[in-house]
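Read from first to last, the chains carry the letters A, B, C and D; within each, the first residue is number 1.
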Amino acid sequence: MNFWKRRLPLALTVIYGLMGFILQIVPAFKGFLDIQNMWMPIIFGFSIIIGVASLTKYHATKIRREPEERLFSIVTFASLILMAVVGLIGMPQQAGFFKSFYQNLFNYVYVPLQATIFSLLAFYITSAAYRAFKVSEWISTLLLISGFIVMLGRVAFGPFMIFGELSEWIMAVPTVAAMRGLMIGIGLGIMATAIKIILGIERSYLGGE
Amino acid sequence: MADKNENKQKDKWYVKIMSIKKPYVYLGMFLVVIIPFLANLQIKTYETELVGQVYNKIEKIHEYNINHPDKKKGVLIGFDYGPSTTPECDPIAYSVFRHLFLRDIPIVVWAPYGPYLELADSRLNRIAKEYKANYGKDYAFMGLAYPATAYMVSTSSDLRPVFNTDYYGNDVYDLKILDRFNNYDNFGLVVSISGTAMPEYWLRYANSLYDQEVSVGTTAVNAAKFYPYANSGQFTGMIAGLKGAAEYEQKVTRLEKEIVGKDVKSYLRNLYTEANREKFNKEYFNPNFNEGAIRTAMLRRHQAGRGMSSQFGAHIYVIILIIIGNIGYFFKRKAEKDRTKRRRGV
Amino acid sequence: MEAISILFWPTIAVLLSVAIYTFLWKDNMVYKIAEHIFMGVSVGYSIAYSYHKILVPKLWVPVKRFLSQGNYILAIYFILGGLIGLLYISRFTDKTSWLSRYPIAITVGFYAGFRIVPVWMTMVSKQLNATIKDPTGSPLLNGKLFEAFFNNPTWGNFINAINGPLIVVGVLLVLIYFFFSFSNDNFVVKISRKPALVILMLGFGGAFGYTFMARISLFIGRMNFIFSEWPELIKSTLGG
Amino acid sequence: MKKIIFIFIIITILISPIFSEKTENNEFDEFDPKARVKIIDKPQDEGTHVYVEFKPLNKPDEVKYYLLEVYNKKADSEELVSSFKIENKGKSLRFSSTLEDSTYSPWPKSRTALIKAYSSNKKGEKLNQFVSKTMKTNYSWFNINKLSAFLGVVIFLILVYIFIKKARTGTKFFIRKIPGLDAVDSAVGRATEMGKPIYYVPGIGTTSQIATLASLNILAPITRKVAKFSTPLKVPNRDPVVMSIAQDVVQEAYMAEGRPDLFDSNDVFFLTRQQFAFAGSVSGLFKREKPGAVFLLGKFYAESLIFAETANDVGAIQIAGTDSVSQIPFFIAACDYTLIGEELFAASGYLSRDPLIVGTTKAQDYLKALLIILLFIGIILNIFDIDIITDYILQR
């Protein structure tokens, strides 16, 4: 039984890992690569089912354990079913009630909520700057100095233009050097982790030992 | 004993200003952004040299066109941004198009990816409508140029064979503008407005291979990458982020008032009368302006500028917050040092 | 009546947006409702999206096309892919949940192998190459710039000449800083620790300060929607 | 383990001799009415890309327009792939076109390109054909432009083999202190004291991003530490596949610590796939459940600061780590401890002290040392204008 539960999935990882690597190196297999690029998303396609299953179980136990939270679970499921039904019918249509309903739901609920939560960052970045930019040890002082100069440089005018040039230099030299050094390290880390997974050294994603 | 000391410590002024509660920090930010916005405050943004280089280059092309009417120079626009970076790139595109139409410099536009096409079509025609530009003579939109590097190379000789038709399906050989403006020799400048790394390809394939002058309009995030090339003169100037867009808007609005006259609204209102309406092909834009359209057109003229006053407020607010926080921190540390000195009975 | 149909949806959008902003003051009932609405709508959208944009165009259409073309091997291959994807449903019961290890192993393995070459080329090879020569080919340690500086030593020339070497030294310092297997008493690591931190902190501070304006413009965009587009719409529909 | 690496090295040796492909040698051919046509098969591709150079020799008034057509010549048919209408300006033009055909076939096959050129008029009709030239393209077995990646992987495998052999003999490896990871115990302890839950967000990436897999590898040792204190561990997920892996990892880790009763599949739950709906829901959970410790490890995009700031607001100890370079500054500013870049990938070895995993980290270090030496050589050679490093080993 152990073969089916552990050894075969591990073997599949190694085989598909090698295949992924070879398809990148050998251009002659481009035909096979195109097929594989069409084939892989199919496996993701069905995973939404277990996502929704987990969500339902999570809210079902919540309703039983915390009655006062019941309203929010009902709101979640109502909007989930509404959008799923309207989307399943409306998305492929050219026109019609469901299409316009789907477009309204998308343009006036999905998109504005997404943009609004994204815009919360304007507040969070302010409180983060207020808290983090402190002249305590020399490291956070440096963070403060360069952040301060670049922020000032963005709105500088007249005599303050010195901040503009300074922020250009900070963006052109230290930022480029720091980001480039980090990217080289990260690239090596990604390659090492990928090879660890293919060679089976790192197996925790298959449920540990 | 300890907690009495503790809350005595809390109400010290420097501890208070150092740890203002978050909701109040957020309320401050909200007010600082919304007040200049609602007051429709217009602050004059300081015009930097990099943005000036782009403006002056286009002005130089205009002067050249006046002195050599038969050997006019055009501008090739790389519409290299998509829906996700419209907040920063739209104002740049609008003001550059406006500047070129005001100086009636012929414009050829292409876009490197599918999702950018519809955006390019709507932005280009929206501004062309405001200057009675007619398609095929004053401006042309070639549609998809994918892979972009192949088209950048072909434009060194002739871009028409690789396109065959423009975005709307007209044959390239029927468009009058393309008879002359189909290679780098007749393009005075290439302007790449991008949210991605496309300007680097323009630099490598248009500038260093065929020494075609290239200007860049980019989002603030990417501007850091292009600064070294703009400073070293490989790019002919750069319009970076909202701030760059606001500067360019300011220059073009000034120019527009000189050419079209102080009251731009009435200029737009009587731009299309019954007589000349038939002259324009409805496919590109419908040649009339109702009140709503005029209001949005006027708002669009300082879309970035309007944001700048709130940006300015927000930046000053954060800078003050940081200074206050550090003052509080400084006195807190000093007070702690004194207390430890006192306790050690020094 | 007609005005309501125009104004209904934008008003919903504005109410939801305001509901989200109340979270900044304090977590409250209104935010919780908006949050759960968005969760439901986004999961519902994923369901419709998975069906219409993944299962139909990427599984059903190709299988039909292969069958019509008589390419049976590929048709079976894609159906097999669909079956493997269905193995995720085995997770419903603990007893059979180990079956889901097959689709997991395939996707994890394939993309682990598939990512190595592009990541190496863009993050390692290209960055090291760019530390030797910049995209237009001139080297970072550029002798010509130094000559220009020595000819007329202005501040501008000095900066241009010094930038290239500074980047090269900076990249080396950051690379050395992140060595794992050399302890601090190793000479090279010890002397490079402090300057590397200077480069890193200056870089991070710059990146932080730089994106500040982009975040504010997001908020201004929302204010534009709530305080100018929406009232504009009301004026034009009710104002008549 | 040894077997697998041996096989891999043998295969790489097997592949390398085949990659010496021959380049087609064809110069310009003259045609009447005089035009020069040259076809170049793009190297390093799968035999579908072709460049065509066309130089009209007649004067514009003799022949004003040409029509150039490229066909994908098959055994029985000629499929028109691209056609170019050219105005004669005496300039040579260069076009590229791909000989794609609609059928999918996984097997490599070479194609034949057929070029036809006609003189034509403004409307583009074919007046008289005066060029017909064919060329067989071939596919290459090894893409020279990706040699750098290939060499990197081969050298890394050799280093891994050496270090794993050493690890098997029991030599202890040194890893420098990573402050963020030493704080894990104190964070878990503090959360237990305050009787508050611990939240672990494995990033918003999918399984196709290695940072997410690295985060799941870190989840295993952290869960074992949490199991000792039996504090509730909550893992919200953005991707159903990552959720199912996380459930297996947490369950396995609890069993390894002998506490299978602690596992509740509701603690490792799926919220939503949408980036900001996920951020909004998680920040709501932070505010309501007020976790004592929050781990933000994995792939993060612009919404990273939403997690960090709300977690800070409820006073949680935050240990964050990501490989997204643009998000590291926000974690540095907002979180207590941050794993910068590759520290995220070394974390699982650091926490589990598994000799094999630590061995690969050391191999990665030595490879980086090698690359630094290569960088020096490249810079010095570049000063003398010798570019073999930047052309063949560290390609753009």
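The rule is short, and it goes like this: a contact is a pair of C-beta atoms (placed from the backbone, for glycine too) under 8 Å apart; a residue touches a chain by one contact, two chains touch by 3 or more.
Since we're looking at a predicted model, the values are computed, not measured.
Visitor: Show me the overlap between the contact partners of subunit B and those of subunit C.
Guide: Expected: A, D.
Visitor: Looking at B-D and C-D, which pair shares more C-beta contacts?
Guide: Greater number of contacting C-beta pairs: C-D.
Visitor: Which chain is most remote from subunit C in terms of Cα centres?
Guide: B
Visitor: For subunit B versus subunit D, what separation do you get between their C-alpha means, in angstrom?
Guide: Each chain's C-alpha centroid was found; their separation is 32 Å.
Visitor: Express in whole angstrom the distance between the two chain centres, defined as the mean CA positions of subunit C and subunit D.
Guide: 13
Visitor: Let me have the rounded angstrom distance from the C-alpha centre of subunit A over to the C-alpha centre of subunit D, please.
Guide: Taking the mean C-alpha position of each chain, the two centres sit 15 Å apart.
Visitor: CA centre of subunit A versus CA centre of subunit C: separation in Å?
Guide: Here subunit A and subunit C have centroids separated by 6 Å.
Visitor: Can you list the subunit C residues in contact with two or more other chains?
Guide: In subunit C, 20-21, 23-24, 32, 36, 38-39, 41-43, 45-46, 74, 88, 91, 100-101, 103-104, 107-108, 111-112, 114-117, 119-120, 124, 128, 130-131, 163, 172, 175, 178, 200, 204-208, 210-213, 216, 218-219, 221 touch at least two other chains.
Visitor: Among the residues of subunit D, pick out those that touch two or more other chains and give their numbers.
Guide: In subunit D, 104, 146, 149-150, 152-153, 210, 213, 240-241, 244-245, 248, 271, 273-274, 276-277, 280, 326, 328, 330, 332-333, 340-342, 346, 361, 364, 368, 371 touch at least two other chains.
Visitor: Two-or-more-chain contact residues of subunit B, please, as numbers and ranges.
Guide: Correct list: 22, 26, 30, 33, 220-221, 224, 228, 231, 241, 243, 311, 314-315, 318.
Visitor: Where on subunit B does subunit D make contact in their complex?
Guide: Result: residues 22, 150, 153-154, 157-158, 160-162, 164, 171-173, 221 of subunit B touch subunit D.
Visitor: Touching subunit C in the complex: which residues of subunit A?
Guide: Against subunit C, subunit A makes touches at 4-5, 8-10, 12-25, 35-36, 38-53, 55, 71-73, 75-88, 91-92, 102, 104-110, 112-123, 125, 129, 139-140, 142-151, 153-154, 167, 169-188, 190-191, 193-195, 197-198, 205-207.
Visitor: Under the stated contact criterion, what part of subunit A meets subunit B in this complex?
Guide: 122-123, 126-127, 129-131, 133-136, 144, 148, 151-152, 154-158, 161, 164, 168, 171-172, 175-176
Visitor: Can you check the complex and tell me which residues of subunit A touch subunit D?
Guide: Per the stated touch rule, the residues are 14, 18, 21, 24-32, 34-35, 44, 47-52, 54-55, 57-58, 61, 110, 113-114, 117-118, 120-121, 124-125, 127-129, 131-133, 143, 179, 182-186, 188-197, 199-202, 204-209.
Visitor: Please name which positions on subunit C make contact with subunit D in the complex.
Guide: Subunit C reaches subunit D through residues 20, 23, 27, 31-32, 35-36, 38-39, 41-43, 45-46, 66, 69, 71, 74, 88, 91, 97, 100-101, 103-104, 107-108, 111-112, 114-117, 119-121, 124-126, 128-133, 139-141, 143, 168, 172, 175-176, 178-184, 200, 204-205, 207-208, 211.
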